[in-house]
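Both complexes below contain chain A, partnered by chain B and then by chain C.
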Partner chain A sequence: METVTAPGASKVSVKITQEWIVFALAVVIFALFSLILRGFATVDNMLALVRNVSILGILSVGMALSILGRGIDLSIVATMAVSVAWMILMLGEGVAPPTAFALALAFVVLVGAANGFLVAYVEIPAVFTTLAMGGLVYGLGRFAMISVDIVNLPPGQDWLRGFGSGTLAGIPAPVIVFAVVCVVAYLFLSYAKAGRFVYALGDNPAAARISGVPVRPLIVLQYVIAALIAFCAGLVMTANVDSMNTRIVNSTLVYDVILVVVLGGIGLGGGKGGIRNVVVGTLLIGILLNGMTIMNIPFLMQNIIKGIILLAAIVADTLLNPRDEQTSQQGDI
Partner chain B sequence: MKGIRKMLAAAVAVAALAGGSVARAEPYDDGVNQRAYTAMKGKKVAFVPLSMGFDLTQGWAAAMKVQADAMGYELIIRDPNWSTDAGAQQITQLISQKPDIIVVHNPDRNAYARLLKRVQGQGIKVLQVNLKSETTTEAFVGVDWYKIGEHQANSVVEACKGKSGKVAIMQGRVTDPANFITVQAVKDVFAKHPEIQVVSDQSSEWDATKAQGIAATALKQNPDMCGIVGLWDNMDVGTAAAIREAGLTGKVFLSSSGGGRKQADCDMVESGTFDEVVIYDVARQGRDLNAAIAFLLQQDGEAKVNPFALITPLKVVTKANLKPNSCWQMEQIPDLVQ
Partner chain C sequence: MNDTAMVEPALRLRGATKLYQGTAAISDIDFDVAPGEVHALVGENGAGKSTLCKVICGAATLSAGELIYEGKKRAFDSPQDALNLGIAMVYQETSLVPTMTAAQNIHLGREPMFSTHKSLNIRAQHLLQSMNFSVDPKALVSTLGTAKRQMVEITRAIYFGARLIIFDEPSASLTPEEIQHLFLLIEDLRRRGVAVIYISHALEEALSIADRITVLRDGRKVRTVRASETTRDEIVRMMVGREVARTRASERRIRDRGELVLSVDNVVSGTMVRNMTFKVFAGQVTTIAGLVGSGRTEIAKVIAGAMKRRRLRGGTIKLDNRPVRYRVPTQGVRDGIVYVTEDRKMDGFFETMSISENIYLGYLAGQRQPLLVSRKRERELARNWSDKLQIAAINRDARVIELSGGNQQKVVIAKSMVQKPKLVIFDEPTRGVDVGAIEEIHKLIGKLADEGVAVLVISSYLPEVLSVSDRILVARGGRIVEQFDASAATEEKIMFAAIH
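Now for the complex of A and B:
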């Protein structure tokens, strides 16, 4: 998918972008693991590899959408955990599945809309809005909606288990959900009017507004979509392990998600990148995790290796694409 | 009729008088009961868990509340929500409130070690629960993590007899002391059995989803694996999901441990998700906590108490010995400790 080139950017046809660096790195590591690790380059292991990062990938798609529109959604993990935990708690109390699903969905839309409203109309920066919203959602959820922090999926909810366990034509369900989310997000960004406007918004909100893009409603939509994708990731997670652990809100998952997005080459300044970047970032993390698990590398060592490879990718990008006044944007970190 | 009514009225009057006179009499004193009541009445007991909201701490709190209500002392709960910093702050603040006892659930061996000494210096007694700090205080109620690890490892060795001998250890967070001690025990046992080969020893940060991913990868590499030691029931459901998806249920022995909540442990054994769970019964720990609190409150303020421990007996639940009362549910806790 093509990226919107910033006005004044050089017109070199083949540019070594961060996406390509990360992709090349992923290919190199993949080749290396295939050579040295028995049982790495098998179809079975490839499916397991993607499966293990599919939840991370789904969340990253939601995060990418908000970052592309020059926002960020730090409440994504809290929304995911609380909405789905609440839903399966209701299921356990005997609420009919359609009712529980609809209520959880309404909750998610409400959270997304509230984020969007605060960013678009009250004009609070997205970082602060969503950071506070994450705390609010988790606090409210644990205080008023969910009494224990780990909610087990009650027996018999096979419709829900379908999201995360079992296979279709040999492909694990989480991988299918990840693929569907990617395709839908890709189509939205490439062909829907609102999707194209997200790029315009991310690239230059003021210009987008002057050109007649309904900027504020678009921002609300962007956060609602991010929240819906979070809900989807939550369904997969619950179906995967038959429970939802709301404690995940306190984990580093949200940073991992941002890492995947940025690693794939989506600039935090907005307007640059696409779903392909998310897939590339997710795959690199997936290959690393899978290979290191097969090699049975101790946990702390894994952190070191992961850190070095990620830094290498970023350093390579900085060397090959030095930042200057033309390429850097306000808000870029 | 009138006569009967009069007689009834008289009887009621006599009964009322008799009742009144009993109420006015001195309470029965056997020499220690009244002393116990007065020692506990109006006291303050504070509880600083790792976090409220999960089965262990909710269970302990419910149990401690039963005795606090019965004996008329106050139970103060400060919830640091998994933050060691917040926990240290709350303990520091509690010092100025001067409770009689602080019940501390340590995040690790060192975090509160110096703080607990300071608390004791203020004449506040410290009761540690389930994980002991480096600092030894008046009392400890909890489990012996090393024994849990030993038992789990031995079960896996037993289950692996005559099989490949390939096993996996699914750790929680490597820096957590409960994790550290248990894994030490597991490795000590495996070291005595040369036929056992640890093919995967990974950490999943207490997260079921990560455990699922790691176990799935390890099982693909070693489909002939014969056992997995898991360190916490809520994480091990992920490991179990991986075993189930690999079609290896019944072939890979999964041993887990937990606090004995029905949904987390016994239901899982019943459904075959876990092959065994080593349970440290939270209801039993609640009773032990209450005993320790009652004992400590009846000591004179300044008198030194010899440190004591109430070590929780382990209960191993398998499909073979599973009974309806092997586990507990949150709403039963008050009844179980009464």
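Now for the complex of A and C:
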């Protein structure tokens, strides 16, 4: 394999990086759980693990793209839940699948573009924009579009069910979707001009702007892509469980996603990391969450553990990628 | 005034030296200021004025030499230390909290344990009145003008019991009437026995307010003179003082002007650019000399579309006789205008990227096509430009942050050159660059002009101005006040025009 790496990840593979530490940790924990946890290394559990990991991973790719460009998208879970719930609601009401799909897709693009517009042109910090947008999308969705918490997938619709239960050469469909999303995102970041620009934007927005990078359209693109990836994750989720529970918006899923991204080694300051980081982060968190569920660790305790890991990961991120004025001024006279 | 030799100085520096990573920002400076004395500090940009003040007010510590304050040898760890001993600094850009009232700002950091708004206001009112300042203590600082903010800042210094006050370019943003008022204030401080250090570019001011004037050049003290015994001409000569660079321009071939590329006509923008008018021609290096704060960087950013939220308020900019008004740099770059920044760390290069990636990014950003990255093209460009600019690095995959200042600057320049510009604006092209690289960058600037590109250089360093320019413009207070052919220019002439 040719050693082509994304700009932010150049030269890191030689050294001991967060990426490798996390990967090793994931392997160790997997081995440990297999040994001590009854019911972990079973076919059923592996299938459940792989499905959950895939959804988490797909969402994390979207989140990673926005974080790489020095943004963040806290509205992805709301976008995912509302768009897909609305789509299957329409399917249940007899709307033709292509129409329902296209409408849901349009909705998703609109949300992403609105996020991007507010961040890029109105210049509101991404955290606040997307936090508010998440609330707005969920509220509006439940108020005007979806009257129940849980929308069930109507019978038929095998094209959609295929995303969950189908297999290709023995590999479950969710994993394939995750892999495809990863590969597309990787190709985008490494080979598309816009991908390069995302790294430039994350590294130094002022320099990107002055070099002539169309920074504002780029930010809009970034949030539209994040929203599209969220839609994709929603399709897989629905296909898995034959329904969409809009209450997932109120769960800790979005924090799990941030946990994956930060833990995987994508710097919150932007411009650092790549898809490999998302994959290793997803593995570790996916295995951990699954193991904790099997061990029957209470929900609250799980949150405590995840909270501690997230804080530890952010601290590690700050130590590895310092944002201190002193260090940034090194070499100045 | 008293003979200062008779009075024990409030502050005395002996052999003061400050090294930044081996480079001396100031070296071996003797300086003193007595209570009730106004001592002006003058010098070009980079002469060491601000370093000297940082040392005095505790923002930096001496590498060698000693600082004696009120009879005791001191080494301040922080500005707070110095402030506690009565050394206060009044900054050019005021350091007040805009969302607080004048009274709150005056007390900031030294509030009594228990206080009410009323008691703070009353005390502030007393202080302000005792100095004849007409500032409402209840007014928010954000609603006050520059002059009144300065009054608040001075009052704050007095409240803190300052016995030595440093004014850093206090008059830069003041109107003539406000400057008169400022002088009365300083006069008043003098009567109270406060020692004042006054930093200014404006020599007339220094001559009229100061008792003594110290001239710095290249980090060294040239001389300290009594203001009553010197003239403006003498000070300018001391500030410039270099004999070597004098004839450089006349030995060089001066390029003739090509076609008119850029014309800036009566442009007004923000508070810094006031009626700027000049022209830039192809195949020629045009330089804007002048002091920091004369609106040079601002006009450059306005031309390139890089000025954020501060658009043109008047006037026209024409590129190839076509009026242009860019909102974002992307538009300027597409039309062939590139701006090479004065602060490469802030908006010059991408530190996580390699040399090749930085250069290639400039190429990608410069045009609509292609939409895909080509590693081959990237390597090609990096090879070409590393050779052309002699970027010395072990390999082209090295990260830019690991390079020396000179090499970083070359990468930033290469990143702009791959955009095939017809007008290049270099803002302080050799700031923080090692001597060897300076020469190479100057050669590159000349070569660009020879190739028919219109080059606009902004520089505060007079030897640089004289050695690269074909035409020299001098900016002052947001206007171009003087124009020279390079053959007719000397450092003195430029300095005279730059200083009001």
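List of remarks:
Everything that follows uses one rule, which is that the second predicted complex is superposed on the first by the 254 of 333 C-alpha atoms of A that agree within 3 Å, B and C clash if a C-alpha of one lies under 4 Å from a C-alpha of the other, contacts with A are read in each partner's own complex, and residues count from 1 in each chain.
As a convention for this text, a residue touches a chain if its C-beta (ideal position, glycine included) is under 8 Å from a C-beta of that chain, and two chains touch if they have at least 3 such contacts.
The structure displayed is predicted, hence computed values, not measured ones.
Residue contacts after overlaying the shared chain place A:Leu110 against neither chain B nor chain C. In the superposition on chain A, A:Gly195 contacts chain C only, with no contact to chain B.
In the superposed pair of complexes, A:Asp242 makes contact with chain B only, with no contact to chain C. When the two complexes are overlaid on their common chain A, residue A:Asn296 makes contact with chain B while staying clear of chain C.
When the two structures are aligned on the shared chain, A:Met145 is found in touch with neither chain B nor chain C. Once the two complexes are overlaid on the shared chain, A:Val95 sits clear of chain B and of chain C alike.
Within the superposed three-chain model, A:Ile124 lies out of touch with both chain B and chain C [touch as defined at top].
Common to the chain B-facing and chain C-facing surfaces of chain A is no residue whatsoever.
The touching residues of chain B, when paired with chain A in their complex, are 51, 53-55, 58, 81-82, 171, 174, 199-203, 205-209, 211-214, 216-218, 220-221, 234, 237-238, 241, 244-245, 263-264, 267, 271, 330. On chain C, the positions that touch chain A within their shared complex are 20-21, 23, 25, 304, 306, 328-330, 332-334, 338-339, 341, 345-354, 357, 360-362, 364-366, 370-373, 375, 397, 399, 404-405, 415-416, 419, 432. Within the complex, the chain A residues that touch chain B are 38-39, 42, 44-45, 48-49, 51-53, 55, 142, 147-150, 152, 155, 165, 172, 237, 240-243, 245, 247-248, 250-251, 289-290, 293-294, 296, 298-300.
Contact residues of chain A toward chain C in the complex are 4, 7-8, 10-11, 190-197, 199-200, 203-204, 206-216, 271-272, 328-329, 331-333.
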